[in-house]
Structures are given as C-alpha cells and as structure tokens.
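Chain nomenclature is as follows: A, B, C, D, E and F, assigned in order of appearance, with residue numbering initiated at 1 for each chain independently.
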Amino acid sequence: MTARVVCFGEILIRLSSPDNELLLQSPNLRIHYGGAEANVAVSLARFGHDAAMVSFLPDNALGRAAMDELRRYGVDTRFVTTAPGRMGLYFLAPGAVLRPSEIVYDRAHSSFATGPIDTIKWDETLAGAGWLHVSGVTPALGSVPAAAAVRAAQTARKLGVQVSFDGNYRAKLWGAWQGDGPGILRTMLTNASIAFADDRDIALVLGRPFNEADPAARRRAAAKAAFDAFPNLQRITSTIRTQHGVEHHDMSAVLFTRTSEFATASFSLAGIVDRIGAGDAFAAGVLHGLASAQDDETSLNFGLAAACLKHSIPGDFNLASESDVHAFLGGGLDVRR
Amino acid sequence: MTARVVCFGEILIRLSSPDNELLLQSPNLRIHYGGAEANVAVSLARFGHDAAMVSFLPDNALGRAAMDELRRYGVDTRFVTTAPGRMGLYFLAPGAVLRPSEIVYDRAHSSFATGPIDTIKWDETLAGAGWLHVSGVTPALGSVPAAAAVRAAQTARKLGVQVSFDGNYRAKLWGAWQGDGPGILRTMLTNASIAFADDRDIALVLGRPFNEADPAARRRAAAKAAFDAFPNLQRITSTIRTQHGVEHHDMSAVLFTRTSEFATASFSLAGIVDRIGAGDAFAAGVLHGLASAQDDETSLNFGLAAACLKHSIPGDFNLASESDVHAFLGGGLDVRR
Amino acid sequence: MTARVVCFGEILIRLSSPDNELLLQSPNLRIHYGGAEANVAVSLARFGHDAAMVSFLPDNALGRAAMDELRRYGVDTRFVTTAPGRMGLYFLAPGAVLRPSEIVYDRAHSSFATGPIDTIKWDETLAGAGWLHVSGVTPALGSVPAAAAVRAAQTARKLGVQVSFDGNYRAKLWGAWQGDGPGILRTMLTNASIAFADDRDIALVLGRPFNEADPAARRRAAAKAAFDAFPNLQRITSTIRTQHGVEHHDMSAVLFTRTSEFATASFSLAGIVDRIGAGDAFAAGVLHGLASAQDDETSLNFGLAAACLKHSIPGDFNLASESDVHAFLGGGLDVRR
Amino acid sequence: MTARVVCFGEILIRLSSPDNELLLQSPNLRIHYGGAEANVAVSLARFGHDAAMVSFLPDNALGRAAMDELRRYGVDTRFVTTAPGRMGLYFLAPGAVLRPSEIVYDRAHSSFATGPIDTIKWDETLAGAGWLHVSGVTPALGSVPAAAAVRAAQTARKLGVQVSFDGNYRAKLWGAWQGDGPGILRTMLTNASIAFADDRDIALVLGRPFNEADPAARRRAAAKAAFDAFPNLQRITSTIRTQHGVEHHDMSAVLFTRTSEFATASFSLAGIVDRIGAGDAFAAGVLHGLASAQDDETSLNFGLAAACLKHSIPGDFNLASESDVHAFLGGGLDVRR
Amino acid sequence: MTARVVCFGEILIRLSSPDNELLLQSPNLRIHYGGAEANVAVSLARFGHDAAMVSFLPDNALGRAAMDELRRYGVDTRFVTTAPGRMGLYFLAPGAVLRPSEIVYDRAHSSFATGPIDTIKWDETLAGAGWLHVSGVTPALGSVPAAAAVRAAQTARKLGVQVSFDGNYRAKLWGAWQGDGPGILRTMLTNASIAFADDRDIALVLGRPFNEADPAARRRAAAKAAFDAFPNLQRITSTIRTQHGVEHHDMSAVLFTRTSEFATASFSLAGIVDRIGAGDAFAAGVLHGLASAQDDETSLNFGLAAACLKHSIPGDFNLASESDVHAFLGGGLDVRR
Amino acid sequence: MTARVVCFGEILIRLSSPDNELLLQSPNLRIHYGGAEANVAVSLARFGHDAAMVSFLPDNALGRAAMDELRRYGVDTRFVTTAPGRMGLYFLAPGAVLRPSEIVYDRAHSSFATGPIDTIKWDETLAGAGWLHVSGVTPALGSVPAAAAVRAAQTARKLGVQVSFDGNYRAKLWGAWQGDGPGILRTMLTNASIAFADDRDIALVLGRPFNEADPAARRRAAAKAAFDAFPNLQRITSTIRTQHGVEHHDMSAVLFTRTSEFATASFSLAGIVDRIGAGDAFAAGVLHGLASAQDDETSLNFGLAAACLKHSIPGDFNLASESDVHAFLGGGLDVRR
C-alpha cells in the first residue's frame, strides 16, 4: 500500500569538499542535491510512494540539473516550475575526527524564496494526496514562503490531506527577515497530524522550558504539552543522538501518540559517511510506515533504520530501498552476495 | 624594471564541468578563480610586477579561498577586505567542437557589488602606483561600483597614475540596473591613457558606427575617432580573433598610438584548452611591456604572446612567466628538457 | 507540437577508459548509458516529446541504475520491466589521433535478449503513440527479439502509428544466431514510413549493389530502389561522414522523399569529444522535426545539427535541448554568457 | 625456502563504487582483480614463492588486462590461456557503518566456466609443484569445472603434490547447476592435506551438525570429525571474526592438526579499508609458513597477520610482502620513516 | 597581539597515495607541501602572525610551486631563495587499520641541504622578529645546515629573539653524515627558551636514561634535568599519544616551566585523516599562545587543540584558524551552519 | 618468429600534471614509467618478443613499483636488481596549443647512475640474445655507465649479438660530467649494426656538418658518412617530424642500408595525446620487423606505424600489440566493434 505525498520546499545544490578536505583546499567540489523536503520526497519515491515535489527552480543549467536529479529517483516533478532568481546553494566541508562539518549557505535570493510562491493553487496541487510534508525551513525563508506554507497546511487540513511537519528551526533564517518563527510554527502545528520535533523544538514553539532532569521524562512532558496545545496533532516523534566524535554517533528514536509511547533500541554508528539528511530520512521512514498502514512501532523502527542507513550513503538523499531497510532491521553485517 | 599596478574589480570563483561535460552532467565541478581585473593582477605579478588588487570578499570559506589564491600567485591583497554579501560565482561549461562555452553567472548580491565600495580611500590606495587598471565590468555592476570606478580613474589621473581601461562591455550587467553604459565608459576613457578596445567597443561608446568594409581601415577609423574624443588617450589596442571551431582560433593584435600603428603576425591556436581570460592576459602582457619601458611594438607582441599562451592553460589566470612568454616568442615546439 | 514516441530496444551500460587511455590501462572506468533506441528516446525527451522506452532490465543495482538514468532525462519508463538475465554491457576505449575507438561488447545473455519479450502487449504499449522507433540492433539480438520487433512494427502499422526504422546492421550479432538479417530487415522496412539508411544499408537489405561512381547518384539510386521495394516508405535519410582523423570529421546529411531530395551543408567537426550515438542523435533530430510537423528540409537540418552537437557531448546520449540545436543552427562560437 | 604453488580457479575483474557510494551512484567505477585462487597466487608470489595460476581468460582487452595484472605481481601465467566466453565480472558496493557490502556477480558464461577446462594436462601442469591450491568456488562453477577440480586434486595426490583446499561454499553457485556440493567437496577433501574450513563448512560437507555451545569445543569437534572422515587431511584451519560494524571487526584464528591445536591472539581491526580477499590472504599466509617449513603455530600467526593486513589494502589482493607481515607481527603503529 | 616568527628549515613536497592505497598501487599521487618548520610557519600565519620562512628552493617548477604554496597561506617568503640542487621530496603511503603509515624520503641533495646556507645574514634575517623556530631536522641535514642552525640560534639569542626548538630527532639523517646529534642539539637548547621535547628526546640529548616507572614522574624528571642542563630554557612541552590503531589515538599534552607544570585533558581522536604535522601544529599552537602573551596553560591547551584539529585535515599543514581552534576548545560536534 | 632482445638503461618514473595543467597547478600527479630502453623493452614484449631489461632500481616502494610495471607488460626483469641510490624521476607538464611540453629531470644520484654497473656479467646477461639495445642516454649518465655501455656493446659484438643503438644525444647529461659524448658514441656505433639517428645526430658524432639544402639529400649524405665511418653498421633509420602545433604533427620515416634507402608515406597526427616515447616506439617497431626477419621496408613501415600509434597512448610505453599496428597499417578510422 502506497500513498501520494506532496512535499513543499526549496531544492538546494550542495557543493562539498572531497576526501575530508576543507572547503576549496583543493580545486574540486562534489555535487549533491538536497533540501529538507526534497530529501523526504526522494526517499519516499525510493520506498515506492507517489512522491511529488512543489518548488521553484531557475531556468538555467543548475535548475535543470536539480530537476533531473529528482526525476532520476522517481519524484513527480510536475509541480516544480521555473521562476526568476538564482539556484539555492550550500557549500559543505564534511567534518572529521573532532572537527564538525561546516556549512556555508548561499541560498538567499533563490527562485524559491523570491518566486511567485503565493500563486500556487493548493487545491489542485494537493488533489489525490494522502499527505503534505513541510519542514520548518520553508516558512523560515521569508514572509511569502511562510504565508504559502500556512496556506498549504490549511488547505491540506481542509481537504483531509494529513499534514506532516518537521520542526527544523533555523534561527539565522528567521532572523534575516524578523519573522515570528514560533508563531508561524504554531500555526503549522495546528494543522499537522504528525510533528517531527523533540523537546527543544517544542519548548521553542510553545515559548516555555521543559526542565525535567531525566531526558525521557522531559521528552514525555514536552509531547504532552504539544498534544495539549495542538488538538489535531496525533503523533510526535524524534531521533535521539549521542555524538562520541564526528564519525561515531549512537542513535535511537521515540514516538509519542496521545495514548502511548514507543522507543527503539540504540544503534552505534561508527565510521559515518554522511550525516546530512538523516533527519529527513527518518521522517520519510516514519511516513512510509504510516502511509503503508503499519503500526506506530513498526513505523518508528523503520524510520530509525532508514536514518541509520542514511549515515552510510554520501549525499543528502537516503537512497536505500524498502528492502534495504528491511535487511538492516534483519541484521547481519556480512558481505551480501 | 617593474611597476606597481593597482587593479580594481570583482573577484569571482569559477565552477566548471570537467572533461568536456555539460554543467552538472556528472557530480563534479572544478574550481578556478577569476574576474577581469584579478586576472590582470595575477599575470602582472607572475611577470614580476608589484600588482595589487582592490576588492571586497565575503568573510567565509569562499572569500578566504579567493584571497589565498591571489596571494598564492604573488598579488598584494592588502586592499582586499571583507564585506557583507556573497561570493561572486560563475558556472562554466567549456565548449567543444562547434558547441560554444556557456557561462551561467551567479554574481548578483556579491560583497563587491553591495559592499562599502564608496568608502575606498583612493589617494591612499593608489599611492606609489604607476598604473591603475579597471575593466568595463566594474562600473557595470551597479551605480555604486560605477561611481567608485569613475572616482578611482579621476584620482589616478590627478595623482599622475596612468589609467588602463579595458572595454569589456556587458550589456546584461548594464541592463540589470539601467546604467548609462556608454556615458560612464566615456568618463573612464577621458581619464585613461590606454584603452583595450576594438572598433565595436568604440562604436558603442561613441554611439556611432564604423562602416569601412576593410577591417583594418575600420579599426583605424575607430581609433582615430577615439583619439579625437578622448584627448588623454595615448594607445588603443585589441586582439583580432578568427574562430574555425571552438578549439581552433587564429589570433593577432593591433595597437594604435596617435602617430603610428602596429600589427602582429597571426598565430594558429589549435586544441585550445581554455580561452577564458585571454583578453586579460593580453592586457597584462601589453601593460607589462609598457610598465617595463619597452617600445609599443615589443609590448604588443609580448601581449599577444601572453594571450596565445593563455589558451593552453586551464583556468582564468595566465600563469605564464616572463621567460615563458619570451620562449614562446622565440618559437620552437619541441619538448623542453 | 510534440508527439508520443515509443522506442523498443536494449539498454546498455557503457564502461569506458578515461583520459584517452586504453581499456583498463589505469584502474578506472567511466559509466555512461546507451543503446540505439534508448539514445533516441532520451534525445526526444530532451526535445520535449513524450518518449517512452520498451525494454527489459535485470533486477539488480545495474538495471536499476539504467532505469534511473532514463528517468533522469525524462523518458517514460513504465514499459521497462525487470526480467531474469544480466545487464547488457559494453566496454569502450575511445580512440585518438589515428587509433580508432574500440568496443568490447559484453551483451550476450542480457535480460532484453533472453527476457519474455514475446509477451509484450503491443496494442497497449503503442496506445496513444505517434511513432514507433526501432533500430536494426533489436531484431539482430536473436529470433525472439526479431519476432517481437516485427510484431511491434506490424501492430504499429495496423494502429496507424508511424514506424521509424534505423538500419544499424551488425553482422556479428546476426551471425551469432544465423538470423536472416536482410529478410527480417525487409519486413521491418515494409512497415516503416521512415528509414535511416544509406546506400550500403539498402544494398545489403535488397541484396544488390549500387555501383554509381558519384556518391550522390549512388545514394539517389539506392533510395529509389528502396522506395520501389517498400511502398509504405516515405522518407530515407542518412548522414555522410568523412574522417580526417579520429577526432576530425566532416559531416552532412541527405533526405529523400518519393518526390524530392534535400542535402545539408557540411560541418567540420574538429576535436571530437564522443562520436558514439551521433547516428541516434541524428535520428532523434529528424524525428523531432517530423513529429513537430516541420517540413523535410527543416527536419533534416535539425537532425544534422543535433548529430553535430552530439560529437561535443560525452556519453551516448545527446543531451542538447531544442534551443541548443537552434543556437547551433544560428551559428556563433563565442562564449555564451 | 620457497615452493612452487599451483592455483586453479577463475580470475575475476571487480568493479566497485568509489568513496562509499552505492553502485553507480556516480558515473565512476574502480577496477581491481580477484578470484579466490588468484588472490592466493598473488599473495604467495609477493611472499617470494613460485606461484602459478591455471585458468582461462577471454581474448579481449579485459582478459589481457587480468593477465597483465597477475604478471605485474609476479604470478607465473604460462598456464593461463585464452578461451571463448566472457570475462567473469563482479560489481561491489563496499559497505559502511551498518550497511553491509553488496556484490552483484556477473560471472556466468565466463571463459573459465565454459572453456576447455577438461583438456588441462594436470601431469604437466603440476610438474615441480609442492602444492596445489583450489577453493570451493572452482567446482561450484559447473560440472566440467567440478570434474577438473577433482581430477587436479587426484593427480596432485598421485604425484605427491600437497593439496590445499579452501571450503568457500557458495550455495547460489551450486544451485545454479544442481551440483552435489557436499559430495564433490568430500572428494576434494579426501585428497587434501590442508583444509581452510570452520565448523559450519565441515557440518555442511559431512551433512551433520555440531551443536557444542562453546565455540572452541564446537570447532574442535568439527575438526575431529573431519580428520576421521578424511584420512589424508593433516591440518584444518580457519579465522574467527566478530563484527562490531562494517568497518570494525575482531579477528583471530585457530589451526588443528591430528594431535594439537593452536589459537592466536585477537586483533581489533578498526577503520577497515577492504575486507574482500582476507580469507585468501589468510590461506596464502598459512601456506607460506608451511611451504617455508615453519612450524604450525608460526604459520598460523603469519596467516592471521596477513589477513589482518589485507583489511588495510584496497582490492582483492593482499599486496603485503613477507617483511610487511613480519613488521606487523613485531607491532608498532608509528609512522615508518 | 601578534609577533614576527622566523622559521628556518627545509621545505618538502609530499607525494602520497590516495584512498588508502599503497604507494603507486594506482597511477596517482596527491601533492602536499611540508617540512617541520614550514608547517609551523603556515600555522602561525593562519593564526595571524607575521611568519617568515628562511629556506632554499630549486629554480624549477617544483621549487616555485612550493614557494607559491607558502605564500598562499600568508607566509612571508622573502627569505626563501633559489639555489642549485633538487627539490626535497617525500613519498607517503598513509596507513590504515593496523598498517602504519610509511614514508620514503627522497630529500638528499636538496637545494636546502646543498645550498649556500652559510651565507645567510642572520642579523638581517632576524631583524624585528620575536621568535626563531628551528627543529632538530635542520641541523640533521648536514654539517653546513647544522652550523647554520647553531649560528641562527646564537644570533637570535644575541639579538633578544626567543629561540623555539623542536627536538624531532631523526637518527637516519644524523647517521648519513656521522653528525654529533646530541652535541649539536645541546648547543641548540643552550640558546633556546622553549623546547618541544619529551623524556626520550631529553634522554637522548643528555645521554642519560630516565627510568621512573610512572610516565608523569619520568617526564618531570627529564624536564628537571633539562632545566638544569640548559639555564636559558624556560619551557619544555610535549604531546602524549596513545595509539589504539592507526586511525584511533588518544592525545594530551604537558608543559613544564621551571616552577610549575600543566597537563591537559585527553582527547580521543577516532577516524584520523592525517597525523603528519600534528607535532608542528602543536608547536605552532603553543607559540601562538606565548606570542599572544597568553598564560602557559592557555597556550598549552591551544596547542593541543591545534594538534587535535590537525588530525582532521589532509596534508602537513594545520590550516585551522584561531577561531577554529577556539571553537574546538568550546566543544560541540554538531554541523556548523 | 621472435627474438630475445636485451635492453640496457635507466628506468624512470614520470610524474605528470593532469588535464593540460602546468606542473603542480593542482595537487595531483599522474604516474607513468619510462626510460628510453625500458620503453623499447615493453614495446617488444607487447609484440611477442622475449625482451629483457638490464638495470638497477632502489629497494623501496618506488623501485618495486617500477619493477612491477615492467613485469606487468611482460618484460623479463631477472637482470633488474636493487642497488643503493634513489629512483630516477622526471616531472612532465604536457604541452598544449603552442606551449611545448616541459620536463624537469630529477634523475641525478639514481641507483642506475650510481650503482655497481661495472659488475654486470655481460657474457651471462647476453646469453641467448639476438639483439642488444642501448640508447645514447645510458652512456651519458656518467663515466661508469658509459664504460658499461661500451663494454656491453663490445661483448655483444664479440658474441654475435646484434647491437641496436639509438642516438638520443642529451647535451645536458654529458655536460654534467664533462663526458666525451661524440667519442663514446663513436665507440658505440663502431659496434652497432643499426643506428637510430638522423643527420644532426650523425653530424654531432662525426664532428662535421651536412649542409645539403635538400633534407633528403642531407640525410643521404649523413648516412653515407656514417656507413663510411662505422664499417659494421648496416642500417641507419630515423623519423621525420613536422610540428604544426604541439598537438598536430606530420610524421614519416626513412631507412638507409649500405645499398638502398626507403621512405614511408607521411601521416598527419592531430589531437596528439602523448608524444613522449614515440622515438622508442619507432625503434621497437623497426627492431620487431628485423627480429621477425621481415624486409627493411616492411620493418620501417611497421616502426613508423608503431610510432604514430604511440601518439595516441598516454604514458611513455607504446602498449599497442602487433595486431594493433597491423590494423593501423590496414587503415580505417571507424569504431572497431
């Protein structure tokens, strides 16, 4: 069983330094494609869903390449259109040892941020969809994208399309246009049925701290507060990450419903290849479970497995297939022949 | 004998597709650094002159890399300072066979175009310089850069610093802010002692056509008109290029003074590696001759040889040394051991 | 105006040595994707047509990558299905100077050649199509593919779908299964409305020589003979290539109808990057013209321009867009900014 | 002291994705050469032995490159001859983090599997040899290779050439032709003096389980059973591997004789570069010890050290020299200057 | 607050195998630049100091490239001059798992070792400097370099320029010309105010063992002995490294003054990218602290942080900036956006 | 029919800049292997002869890699032994357009130049050989190599082994040790039966000019003079090269016997990939013909074809097989499938 999932957000080109180098240490850059919602769309398409992207790209070689790359992985790009403005870029120096990864964003003035985003016909765009997925990056890009994100969420709710919202709070982006981040995110969550958010995200949105010393209790309290604040919200889920070094993390995940909570085992991820997009891989994995009518715990475990696998795959996209994730859950590290 | 040459303009990072590919055909980009005036500065530094760059760069990994690269080749970067805004970029798909090279500019909102360019203290900046070099790209980037270019040229003239001006008319750039290109270029030429310009450039600046059927006569008429219009101008010079294919050109050059004219032999350039920056290599070569107190013909031949050599060197910079250019002029294609 | 074009044939992965090396001279191979009909499909999709591929691929990482690559460029892959068997491969050492390119085919036992090709439901597959395109490679792969190609052509003709047939005679392939090449090709041509074939192809199919000393007369005689033999055939077209060296060819093209003939100018292609797939680029270009309801001469010129451009693009696919081809026809070799 | 060791098996070309990518994620493949017996031959040649390969390769660029690569490392290739059929290939996506390596075999219809393997003159081929080494892959490739492997082992035993047999059971290969794997392997072991096999291999060959809870006891029981079943067998040895992640294993080894047993210390292998071929490196290391007339414990430790070193070397071949292995056994991780 | 630091030593080009390969396993080498003192100079320049290099390079493309690279990172190269002789090279196979890195030096007959090193005018060269930095490699290169190093240190001391000396004992180099290593190093230390040396270095220089079982006590005893032997010496400092595998070390550092001692926390460095130059990064970090008038503990912690960061950066140079080191000290492994 | 050919000379590692870059413009070097006599040995081995190399290499990773590479291509390396000293290197910036290739030699103090070359037992080394091949580089490397070359030639002549001598005069090398180049070369030619030399080489050796205006007459006169001076000499042959640009040459060849002369057609070589080693490819091609008992004209044509093919192959070695050369002679530029 599969669903149509509409993802709305900016598509970015990533330019990263190769071979653990600093940015421009040598005259080579590797290209990948990303954007929080595009990452979800690609992963869902790889899992067999009808994933559609709603976005704007410049009418030049960069925009066309980004479009081609989404199509390569099976994303429906009919709602990706060209608009004036530039291609959103980001430059990445992947970290190593105890040196964190460093991103230089170069996304201002993009076609998405400056395009005719207010002209999107959401009724048409959402027709036939089971889900709308948006992250907190989209409304953070400016007042027009913020209004569009809200309108998308409201239209979805009106049409009975479930709204999936991923917190992804980026203070720098909101600061650049003095947007009321918490207020707009509250509106998004009012329309959402699932939120990808941890206790810090919820604290920020609700404007109140959660001070429980025990992390599990803190997460539980935050989830309860969110369920109280947002009556349409049915699920709150997040990963939990402990970092021993840039290339060695432990990872687990929790999911709260209004009546239950689920927690996964923890996986030790050593020799991490690429952690960018792991959160989006998790979101896509959980959505895959829910959209496939699997139970919460199964969906959560699938999501975490997808996120873990993402750490072994270069680029922002989780290219693992459904059977790859099932193989991960089945365990076994031997060479597969 | 060497001179201090101050170059004023935007520094760009070039991202080009490798191995004759189209842009982003494969996920690799090669990095080079450029900008019309930076190209001249690097070449002059390689020829042994005290070449200084005046520019603005963002305070991030890209800006620092561009700064490092200029320094690598010996350019004085004390007048390159950081400013808000982004790094100017351009994407290049080098051409092949009969497919022309294609550039996607992504330089809007750069630190140079939006920086505090009006605060440059030109008296200090030009102290000790023999020459100021500016191209038509600098004033084309906006009204503030245009005003700064004019002020730089005027200050130079006032201080007895010779002004070298390279036409480099870019209609798209001027169009973006409705600047009065011809008017501003006339002001630049009023202060210039040497102009890198052909008859089309002069026609554009003077707002009149040159219709002589014979190209040599046309160039001569245009030079005469320019000398009439700009009494400080002492030399007008340009290359002449015939393109048999993207990788096979013939190239020669002419130089007009108020009393004489000089023309070089023509060189057949087959298997061209990289033609970007050849005009700047020519300018640097001619300036090298003049700054070294060589006669006009010697300077012109050196300039053309430098431009020809540039076609064999990847990137925007002409990395040939003075002895490399002399070796070229000496002829000989055998392996040098 | 665009059309749906159904292309039927084997998809191949090309593994080529980089940097002018011989095969496996160094431990690197570059990957491209091809196959005569897939090349046509990709080019038509780039030109804006609804191009669909009918093929079989193995259910492994190689097959999936080939599928993804077709989708990347916009080809409709719904009729590409998985089947037992291996991925068809070919290894290429691109030639240089006077050393010709060398191909080592490794396509035997492929999913296409051994798959359930006889179960294709041609009525459904061709529904809505304006054209069916097949090359002589498809029937040459074995008796089952040959039967399928014939059935496809017959069904198309029955449904009013125009059949485009590209000769592409490969003696080695026919020899491997003792297939009656000329006989089967005659059946294909009986159903075709356009044939991509020169006088040697026609001589082979008709089993008779054309001995006119003048090449134009020889081509004319062959076309006439073909029109006589195949009453449904409306157009015969081919490129004409003179090779001065591996990287320097001259290229032109001719097109015969039952009542007229057209010949293009000749282009000098120096510094050739990749000639593989140029014939398919030509076919796609001509089909684009015809499918866009342009006249024969315009279609022929478009086809030749597409073929010329292909020589500048690495890989089997002609990735040029319609506007790229028009720019080529408009001339001009200067850097496009 | 060195020996002549004749290795009999298929040579493969490995095509692997670079930089932790999935297969064909980017358009590059890295080439290595392998095959269980070829790996042993190369390693023995690097240790100074007269290692000869007996195999078939296609008469094309791929076959010649494989031949050259064996010769590069000093293997005697006089008994590698060309035969119809294709080059055996395998595609590898090296694993990372918790994603296992994945191999796509493409070895069917190879020159080795389909060649005139029954015409090998084993008396001549084995003349002067001290050892014959074969793995379980060779007989698994088909009935003709199986018969040849048996004949090779029988001839060797007749000539007093010691037979080294490496279990390497591959169910998929045996399944493809319904071969009686256990039966044929029993015949091989009947002629062998050393077996590289653990308790699972022995259980499979003898058709009975070993259920001791303690792994050491289980291995001991299996070895005893094998010694009982195969009276010519003098040594049974295997590595023991614990996998904490794809790039972090612990490794040790045991060796049983009819009268004693030896066990090594365990090494922690973190940051594994390439584990393919480690078993063959172990076999070559143990054979080196035995062929050099060293005692069992020394041979076992040498074998394990060789296997550990292999994990740090890209490709299937263990390129470590004898002095590299001794340096490993001597300890020390500092930079060697 | 910054200082002028003059560094005196040989500049080397490093040629290393890529991708964990053995040297020349594949036909590619990666280029980096190094030399113990050049590494310190680059790092100090990155930290904002006026770092000058005193050295000799050949007048060819290799020497010029090395000069350019130092300038790229802001080193003052006015005292780097050309001399007959060759470029000092070293070839590196970076280690992996339990295989140590291996260096093949090819530095004999270099311009530095054979150049007119005795003609350096140290009074001029050291004018304005706060520090002179030399390592034990410089005097080890021959009697003439040794005399020059001594003269440099003596002149510095005479001029009130503090001398920083890094032990770096290389028995092979001293052995090549039968130099009296300990004697010459004692002369260097007589003039030094800071020594980068551990108890083994001190034991070697003083010709006496330190046998305390407790490492801390041993280091303390050695420091005391050195302070007794060298009355001008004010600080002795070194890193402490425990190696779990080639890519996993723990690292801490200690610093002794005549009255106090300081020890840092230990950092776990997993997934090490490049350990070459870490000692020089430490020296530059400590010198940065001292030259910036920071206290001993702060300087020591900065030095260790710099050394740790170096393990994440390819090449010999520590390219981290002062703010990068502060960020490291501030902790945090999350992606920096 | 094949022969044993013993080649005596230094083996070099070439380090060249990729992608038309200047040396060290980017931090990558490509590795190839060469040396005038090694090039001949590899080519002869590829043609099926028993080619043996006599040389010295250092006992380190570089020397072993060079040894492996010769063996890879089938050269008998039993007479290549290790000796103190370093690996001979040369750095190459391949030329482009009108910029010639530039070589920086770094071969002084090599194992060959400084090794125990006077201890070679030439009687044993030449046993069974049909030919000894030496170039003028070998005696130019120093007095000991010169003496060895002379002794090798004299021994060969004594044993009835034909001596092939390739002029290859390198003034810089002779100058470095004030060797009497012409005198020693005369001794070599006294023992040679074939000389690869043109009129300039002969003029230099004989110490007299050839002033005929017509090049053919000049070559003829020089050949006659050489035959007069060296009574054992039976053949003099050379290529004739006209350079239109760095990547476009015309090439032909002439061969003189005491009674006849032969001249080939001229080939136009455009898009040259690598011209290094073309002279050695020619020598190997001619020797192949003679060693295969073919007539002079056939041998000459084979040699020229081999030299032409070499221009299309990266590296110093001509890797073309005998059938590749025959294919070249058969003509045809189409893709070979």
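A few notes on this one:
The rule is short, and it goes like this: a residue touches a chain if its C-beta (ideal position, glycine included) is under 8 Å from a C-beta of that chain, and two chains touch if they have at least 3 such contacts.
Listed by chain with UniProt protein names: A, B, C, D, E, F = 2-keto-3-deoxygluconate kinase.
Note that the coordinates shown come from a computational prediction; the quantities given were computed from them, not determined experimentally.
Seen from the Cα centre of subunit D, the chain whose own Cα centre is farthest off is B.
At the interface between subunit A and subunit D, under half of the residue numbers involved are used by both copies, so each side presents largely different positions. Seen from the Cα centre of subunit F, the chain whose own Cα centre is farthest off is A. Here the spacing of subunit B and subunit F, counted between their Cα centres, is 45 Å. Centre-to-centre spacing of subunit A and subunit F amounts to 63 Å, using the average Cα coordinate of each chain.
Residue positions 22, 27, 102, 270-271 of subunit C are each in touch with at least two other chains.
Under the stated contact rule, the graph of chain-to-chain touches is complete, every pair of chains being in contact. By the touch criterion stated above, subunit B contacts subunit A in their complex at residues 13, 15, 22-24, 27-32, 60-62, 65, 86-87, 89, 91, 93, 102, 104, 106, 108-109. If you check the complex, the residues on subunit D that touch subunit E are 18, 267-274, 308-309, 311-315, 319-320, 324, 327-328, 332-337.
Residue ranges of subunit B in contact with subunit E, taken from their complex: 68-69, 71-74. Listing the residues of subunit D that touch subunit A in their complex gives 19-22, 25, 95-103, 105, 170, 172, 243-248, 270-271, 275-276.
Considering their complex, residues 26-27 of subunit B touch subunit D.
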